[in-house]
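Next up: some structures, all given as structure tokens.
What follows is a pair of complexes built around chain A, which joins chain B in one and chain C in the other.
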Partner chain A sequence: MRSLNKYFYTFKISISNNLVYAWNLLARTIFFVFIVFVMLLLWKNIYGQKGEIIAGFSLNQMIWYLTIAEMISLSRSNIFSEVSEEVKKGNIAYTINKPYSYVFYCFSNSMGEIAVRLLTNIITALVIGMIYVGPLTGFKVIHLPMVIITVLLGICINFFIYMLLALSAFWLEENTALTWIYSKLVFTLGGMLIPLELFPDWLEKISRHLPFAYVTYAPAKLAVAYSSSGFINTLVYQLGYLGFFIAVSLLVFRRGVKALNVNGG
Partner chain B sequence: MKIITVENLNKSFRVKTKEQGLRGSLKAMLSPTYREVQAVKDISLEVDKGEVLAFIGPNGAGKSTTIKMLTGILQPTSGDIRVLGLNPAIDRRKLSYSIGTVFGQKSQLWFHLPPIDSFNLLGRIYEMETKALSRRIAYLTEIFEIEELLDIPVRKLSLGQRIRCEIAASLLHSPEIVFLDEPTIGLDVVVKQKIRDLIKTLSKESQTTIFLTSHDAGDIEQLCKRAIIINHGQIVLNESVKNLKYNYMNQKVIDIKYSDEVSVEGLALKVLKSKGYAIKVEVDSSDCDIDTVVSNLMKLGKVVDITISDPPLEEIISGIYQHNSIGGDGLA
Partner chain C sequence: MLMEAKKNLRLIAMYFKFNLSAAMEYRGSFLIQTFGMILNNSAFIYFWWILFSNIDSIGGYGFREVMIIWSISSSAYGLGLIFFGNSIKLSNMIAKGELDSYLLQPKDVLINIIASGTIVSAWGDLFYGLILFTIVNGFNPIHTLLFLLFCVTGALVITSILIITNTLAFFIGDAQGITSLITEFLITFSIYPEGIYSGFTKLIIFTIIPAAFISHIPVRLINSFNPQLFLLLLAAVVAWLLFTYLFFKWGLKRYESGNLIVNKL
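So, the complex of A and B:
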């Protein structure tokens, strides 16, 4: 019990620590409002020319879908740059000599940061959606718990992928390109630009098997068009990918520590 | 009882090298070249329970690398380490419950939060009971005199205040061994003295084994019974501080400024510098009394300023080398 308590306490402390950065959050919120506004202009135009429904989405659903996908993507921590820097500068030597699992310590720490961001992003998302296109049509409160579960799982998968990319710093001197590529993959194959339904058939099929879709696309799609089969399918993929990325992160971390060369002194 | 034993410890790093200029950069991209750097060479040492050991050497001598191997952060290239009966490289996590570390230049406290939050978190990380933790916090805040600092965000603390909190933080879980890596670096004289007193109290009251690295000769003189000096990754000297002081740290440098010009002629002193108003002399405290020298110097004229200092560690080490090579040639 006590061995889990340390992670929960880290999470709590991290929340207090992140409340210090309230102004930082506000700046992000402004960006969020603006990006969805640009998407609104774009899609209003497209719907004006193509009709009421595109790939099964009404304009109302489309904007809510994009808002929720954006909300998930923005609710991430700085874990990549923090861990990469720690490894590159050798400071990791001072953080790994405590009786905890470093990977899960970072996870609890990040979750504190993410909790604060997610909360403000949820409020922002609700306000944006309501103002831009009104209440989400066909939404039932009873589906909310399932949607929340998939949103949280998406956030966790996102965390462990960033963690894994950050740990590459044990071997690579410069690893920022990896996160750039990853974030663009989530943006495209994760359906943040357009839903997967608008892809050509073959690309849609491939994307539905890749992890990127389960970070943003799947939870956002469930929120605007819920189905039990969709939920089960999403849950299976998410748990599978989460387990996979946790296992690989732990393994890579263990290997990395063995290869650790700390300079200086 | 031996609490730390190290036998024939070696650590070498592979460092990427690059020839100068753009041509060198391109070449390094195509066929990277490496050089082996041996940070620690064949070190063997033992530490007794409750001992306060100084591990000293100039920057880059291999002190931190050795500490990192002793705490399990780095894997030795070869050699054997036992700390509290464990092999740190294998049992890092198990060992971490019984050791504490303070790295002078690195903080383990949360920057934006008051120290008490970090203390509570560390208590959880070390799986302490809530009651035991609050008792321990109360005890440590008292001896470290940090009651007033507990609720101030760490970023607002001065370096001296922060270091006191750092050391207290590393002692929360009552470790058997504490590794202090340059705990007094960057501190002013008064705060340094305070930290030294605290370390002294600590070792006396709780029988904690202290492994201290420093390049400040003062730390060693006051705190430790035994010192190990390392340079270029090798042990240069391993002996009691008493002997070290007597044999190698007996030089004092006296800087003295007068209001008028004075002459040092006739005093049997080694004058390093003499500019009329200001004089710098070196005194060997093993064959003459500092007290007498200073009072003789005072008699020369009206003194404006006087400082007595230890020569830097680098000089002491070069003194040891000279001594050893002379000894080896059988001239001494």
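So, the complex of A and C:
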């Protein structure tokens, strides 16, 4: 248990560091409010033509779905640029010889940043959801713990995928394009911009097995249309993918360190 | 006046040549960033393709019109940042007091500053728009000519807004946050159909965040040319340029040097 203390302290320090940058927090919140507002305008127009239910979603559910998906996506840390920079500049040489696992150190450090972002994003999501379309219809408070678990797991999967992409810096000099591609896969196949139910059947089937859907789509869908079977299915996929990405990150890190070549001091 | 314009155009062309050859020095990185950005933008085609497979028109636009506003916005943004890449870094340069070397040179200060830098990934935005427009519109010489012209007018509007928001740094110090937010608003408003905006939002896109002049009016003109609307567009662009220039000059009077010795290579 004591060995976990170092990760907890890293987490605590990271929280206080992030609370200092109030303007950044405000800018991100304004962006969140704005982007959901544009989505609201778009979907209002579509619902105005198509009727009250589209692919099983009412306008109220659709806006809450998009708000929650956006909330998850925005609750991420800068882990990619931080780790990539450390690897490229060679600063990582000073971190890997410390008495902790580098990957888990980054995880606890990021969790402080993510906790601050998630908390502000949850409050923002609740306020904008209520103002834009009113309370989420059919939502029961009893389902909240399950929804929160899947939201947190989604955030963790997202973290380890970014970690993995950042570690590619051990071999690639210019790796930013990888995050552009990944974030767009979450936008599309992950259902962040549009629920999977609107996809053509064949694509929906494929997307349901891919990790991207378990970052944003699955938790957001559970929040707006909860079912026990949906929760169990989501949990199984999320735990499986989380375990997979943690294992691969650790493995890639170990390989990367062997390939590391730092010049100078 | 004409001589002055010719001199400034020559300066912009020289910087362009110089920046391009500097970017080409790292050819691999240039290609990865360009293709990465093309791929990144392509994700949104998927989003609109899914939406339009469920509905025929959104806010009066079909799939083709949405792709045209996307292509104009993307190419205009790309063009603006290829030629005037420093317009995005201006607030940082002001806050750090890095303008001294530009003030000493016998060239127009604003043009000298903004044209002396470029953004490599902006080539991806430019190519993406060109390719997308050619695919959705086919090769129609008049449409293509109009498209190219609107890329230039759009680039001027985007650059103006970037300069204005960055110029705020003369008055408030760090203007990075407000610049990214306003740029985000401008680009997002310009890539959604005009018909989804109404009332106050519509007023905003025609005034303080002039997204309508980047993409919405151009798409109207490409679909059906109207000389009065065309003149209105040109007048709006000239007005924004004039205002930007005067605003920057006004701000520059408050400039305080950071006494940095900077090598401008």
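In the analysis below, the second predicted complex is superposed on the first by the 264 of 265 C-alpha atoms of A that agree within 3 Å, B and C clash if a C-alpha of one lies under 4 Å from a C-alpha of the other, contacts with A are read in each partner's own complex, and residues count from 1 in each chain.
Everything that follows uses one rule, which is that contacts are C-beta pairs under 8 Å (C-beta built on N, C-alpha and C of every residue); 3 or more make two chains touch, one makes a residue touch a chain.
Owing to the predicted nature of the structure, the values given are computational and were not obtained by experimental measurement.
Engineer: Should A:L260 be classified as contacting the first partner (chain B), the second (chain C), both, or neither?
Structural biologist: A:L260 contacts chain B only, not chain C.
Engineer: A:I96 in the overlay: touching chain B, chain C, both, or neither? Say first, second, both or neither.
Structural biologist: first
Engineer: Determine, under the contact definition given at the top, whether A:K6 touches first (chain B), second (chain C), both, or neither.
Structural biologist: The answer is first: A:K6 touches chain B but not chain C.
Engineer: Which holds for A:W23: it touches chain B only (first), chain C only (second), both, or neither?
Structural biologist: second
Engineer: Identify which of chain B and chain C touches the larger number of residues of chain A.
Structural biologist: Counting contacted residues of chain A, the larger count belongs to C.
Engineer: Quick one: classify A:I54 as touching chain B (first), chain C (second), both or neither.
Structural biologist: Second partner only, chain C.
Engineer: Looking at the overlay, does A:I142 come into contact with chain B only (first), chain C only (second), both, or neither?
Structural biologist: It touches nothing on chain B or chain C.
Engineer: Does any part of chain A touch chain B in one structure and chain C in the other, and if so which residues?
Structural biologist: Shared contact residues on chain A (touching chain B in one complex, chain C in the other): none at all.
Engineer: Across the complex, what residues on chain C touch chain A?
Structural biologist: Chain C residues touching chain A: 28-29, 32-33, 35-37, 39-40, 42-43, 46-47, 50-51, 53-55, 57-59, 177-178, 180-181, 184-185, 188-189, 192-193, 195-197, 201.
Engineer: In their complex, what parts of chain B are in touch with chain A?
Structural biologist: Spelled out, the residues of chain B in touch with chain A are 13-14, 59-60, 62-65, 68, 71-75, 92-94, 96-97, 101, 103, 106, 108, 110, 112-113, 117-118, 120-122, 124-127, 181.
Engineer: In their complex, what parts of chain A are in touch with chain B?
Structural biologist: Per the stated touch rule, the residues are 2-3, 5-6, 9-10, 13, 16-17, 20, 91, 93-94, 96-100, 257-258, 260-265.
Engineer: For the complex, which residues does chain A have touching chain C?
Structural biologist: Per the stated touch rule, the residues are 23-24, 26-27, 30-31, 34-35, 38, 41-42, 44-46, 49-50, 54-55, 173-174, 176-177, 180-181, 184-185, 187-188, 193-194, 198-200.
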